[in-house]
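One structure is given below, encoded as structure tokens.
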């Protein structure tokens, strides 16, 4: 029963100065599928696990990475419908920006816009926080950028980052193995390892969604490519 | 009494990071009449059980499948009035789309529009989530598409899918018997079997509503056709 | 005291996926005076019991059936003031429709409009559901239509239907005695019997309100006519 | 203390399908001063008891009957300020009607307008129901009309009616003594008797407010006239 | 603690049909300083006790009587800030009236306008009732008028009236001593006596505020005049 | 825990007719730093204690007295941020007044405008009362005026007044020592004594803020001047 | 469980006249990373600790100091997303100011604008207070200004100030070591010492963010410069 007494507490502090509702929303992100982002010398890798409950699901068309603009993409751990709303919002913001300005959309500006929306949902009454953690990455002016956004609206730049289930252990793994100027290939191997960490059985290729951003823009790896990565790892 | 303490909790997370009210709305869908969608080599079958309490009900005109556009339709498990609202909304969106664009309305765009509406009702205060699960299917550019939408606003593409009462067992049944390039006829037999699963007595033809979508568009099977299917099965 | 704790629960699901407040509103309809609708070969009969507490009430002018358009009418069980609001709304919708379109207003469109309003009052905050069950009937294109609407906004077509107190027993009675191509006269006898069912004393003519819809439109039976029906039955 | 837990319950049903808050508002009307309306062969009598706490009150100018239009008036039992609001609203509606239409305002239309307002206050959040019962009477097209309106927005036509304290006993008294074509004089005697019923001491003339509506319109009886009625009765 | 559970109950009835919050607001008026109004043959006296806590208060400029128009004034018992709001509102209404109409503002119309505002604050959500009782008096067409308004929005005309602390005993005193055609002087003596009633020590002149309205308009008695009245009384 | 149950009670009366939330807001003012205002024969002194927690605070620029117009100023006890809002509002009102009218702004009009704002925050839902007591003083037409405003919106004129911590004892002190036609110098000594009352150690000059209003307008005493006052007192 | 009962209490006083929710918001600031501001003879130093959880965070681009205009900056302790909102608001206000006025934006005006926003969030319903303490500093007309703002909207000018974890001890440290006309260099050493206070291990250069404002405007110290400061201190 106690579970149902958390009504409307979203906007208030407890005596310890904490916003419990925001922490609970972050717990929603912390239970999500593991998602990893890694900056390389030429670009950026975003990788996530797709949990596909049924073999009748057309996994290929389930998108857990969303292209935001030609050189920018978002991944997440947590509630899929909330992510859809946020990513659409980001795509529209990019499109609107392009109508006014020329050149590539700045990655940090987009990260701030998205995280400001997430903050707003923690300070207003009558809405709940977004239930997810987001990795937003992009390529601009010759280098890759990667940001982690959480339900509170926090925003931090990373060289490599993991969110979702057991994020702490995966972060430690990345810290041990990350090297400043990884090749794209090495980063894909590292991302797959970080996601597979602790799994007793190796996940099949369809359970991965991997995206790459470099100077040519964003593209998804096809299943065959992911399979060849997996085969090389065993 | 405890039943009545769930007021206004719709928009908040519990400490475990769950949105209980959305789960309860999904429970409403999970108790609904079984509904099945199956993609075939030439199109798509949508089938559902019509629970007709009285023989005085004019079952023929009760519609549990709604045509959304010439090549698209929706079925559901859960609250009929909520479905009526969502399906009308979808029909209007299609009609508005046709006024602006030419050609056939994209199925995934429509699925996203409907599920965004469902998500919005989980994040705003003062409304409750929709109490149903939806199957939305259509034919476009030479192939059929089938999406499952739930009360949280989740959206997943399927080759074949069951929602409503005992959805898990019916999914397992579909997984065992689904074949990639089924004929339309075989898919109708499969859908009827999935719906009848576990019933001790065989349902009469009037208790089924079956729709077919192919390149010629959406049409409902008449009672005589359903009866001949049922007779062939016994 | 517990009775007063049901505040604001109208828009939320309980763990079982039920909307209790809507069920309670339906209970309001289920306690109302019995009301019956029967489709005949040439039209439709709507009949209801008028509970007149005092002989000083001018029963003749109490209307429990409301004409909605030339060929359409509504009856109800439950809260009279709520019915007045809904029927006025329906009358205005019909009048507005006639200003734009020519010909007779479609009965199913009107039934959907009314039940959509009833659904809306179950999903929005700050209003309560309507406390009644409605029978809406009409004649169009050579045939009669009859719909049952409930507090949840559900909408079902019937050949014959009873709502209000002991609706289940009255439905069983109708199921036993209904025949597809009843004459109008036979349908009036059947409706009266369904309403009188279980009453120890026979109700006087003033306690009935009976309306008929056929190709000539809607009209109410006068007291003398009802009395002659009653006399023939004893 | 329990008295103060009834917050905001105005718009919801309890499990028995009742709107308790509306019943409580009706209880407010049921405790009010007795008020009686009687249709005669030539018109209508409205009579009520004025409870004047102090002899310093200028009873003569306290109006418990309000003229609504030339041939229409309202009386009430319950909260005086609520009545003032409703009667002003009715007067304005009549005045606006006269600007647009010619001829006398229909009594039943006015009764419906007032009771619709009362219904609206039972279905919306953030307002309470009106705390009174109303008798609305008028003369039109050669006959008198009398309506009883309650806090729920119910509307019933009567030949004679009593509201307020001990309304049931007074109704029984009226039922025993009412005759179809009473003279105006006889109706005034009957109304006074119905109001005095059960009082040990006879009320003085100032404690009555009596209005008459006939083809010449509405007028109040002066104290002298009421006194002569009272003297004739002892 | 219980004191703090009365949240938001302002607009609802308890089972006995009472609006407790309005009664509590009236209790606020009933604890206020005694205030008296008396109609004389040539005008009207309004008198009230000024409770001046400190001799440093400039009692002379504290106004507990407010002039509303040339021939109208208001006095009160209860919350001073609420009175300020109501009296300003009345002054503005009078000023606006004068811009449109010629002649003196009707006293009963003003009393109704003020009490309607007070009623509105008992029926709307999100505001509390006004915490005071008001005496509003004026001179028009050769005679004086005096009205009592309470927190519920009730409105009663009086020849003489007392509100505030121990209002009942003061009303009895006025009833015993009031005579229909008092001189202004006699009414001032009577008002002072009614206010001093029960006080062991006689209040000094500064503790009275006394206003007079006659055909020449409203004016306040100065301290010297009040003192001479007091001296004549001992 | 009980501390946190006072939600939303701001606009309702308890059974004793009290507005507890307003009393609590006044308690906030009653705990504030002592503040004193004294009318002299040529003007007005406003004095208050500045509690400066750290010697690194630039006490000189902390303003606890605010100039409202050339000849008007406000001081307070209670919440500094609330005072900032109120004083800015007053300054803007003065500036707007000057644009429309010529001459000096009336002090009582400004006091009423500020206290009306304070009253409004006690009667509306969704805001809390202001947490302070205000002294507002000014010079106009050859004389000084001084008003005390509290959280309820009460407004009283004084010759001399103290608000904040132990206001009652300080008022008694002022009552004993106040004389009608004090010199400005004597009033400054009196104000300092009233503020220091009961302090074991004498406060240094920086802990006082003292303002003077006379026909030449408002000015603050500098530290040196305050120091010389303090030295003369020991 | 009790933690979750603090709903909506943000705008109400408890009986002691305290706004607990604002105190809780301040507790959020009081747990934040230590932040220090020090005025020097030529300008101002702002310094804060950057808590960088992972070595994969790109600490260099995490900004805990925000430039507001050419000669103004803000630092904070508490919630990063809330700070981002406030600092953006301040930057926009400055930009808008510059479009209208010429010259440098006044520091105290900006401090007041920001703290007014913070106050507003403590007095309105439906929002929570900002969860942080802010140091806002700038250079104008030949001197530096430094203000501390807290969640209540309080605003105090300081010569040197510390906010965040153990602010009291750090203030004492600053009070002991602050000298009126410090050089910029000495102030940087002092700020670093105040932040390192009590840490057993010395923090590396990357864990500091230090900004300087003088007549040439705002600039951040680079890592190398901070490192040389740290080396000189050991």
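Per-chain numbering from 1; labels A, B, C, D, E, F and G assigned in written order.
Definition applied: contacts are C-beta pairs under 8 Å (C-beta built on N, C-alpha and C of every residue); 3 or more make two chains touch, one makes a residue touch a chain.
In UniProt terms, the chains line up like this: A, B, C, D, E, F, G = Proteasome alpha-type subunits domain-containing protein.
Because the structure is a prediction, the values reported are computed rather than measured.
Asker: As a multiple of 5 degrees, what angle does the CA superposition of chain B onto its copy chain F give?
Answerer: Roughly 155 degrees of rotation.
Asker: Counting shared numbers against all numbers at the contact of chain A and chain G, is it over half, same, or under half, different?
Answerer: different
Asker: Using mean CA coordinates as chain centres, what's the gap between chain B and chain D in Å?
Answerer: Using C-alpha averages as centres, the distance is 55 Å.
Asker: Centroid from C-alpha atoms only, then distance chain B to chain C, rounded to Å. What do you get?
Answerer: So the centroids are 31 Å from each other.
Asker: Going by the contact rule already set, what residues in chain B reach two or more other chains?
Answerer: 5-9, 20, 125-126
Asker: So with touch defined the way it is at the top, what topology do the chains form here? Options are line, ring, star, complete, other.
Answerer: Ring.
Asker: Please list every chain around the ring, with chain F first and chain G second.
Answerer: F, G, A, B, C, D, E
Asker: In their shared complex, at which residues does chain D touch chain E?
Answerer: On the chain D side, the touching residues are 1, 3-10, 20-21, 24-31, 54-58, 61-62, 79-82, 84-85, 88, 121, 125-129, 131.
Asker: Quick check: in the complex, which residue numbers of chain G touch chain F?
Answerer: Checking each residue of chain G against chain F gives 2, 5-9, 11-20, 108, 112, 115-116, 118-119, 122-126, 152-161, 171, 174-175, 178.
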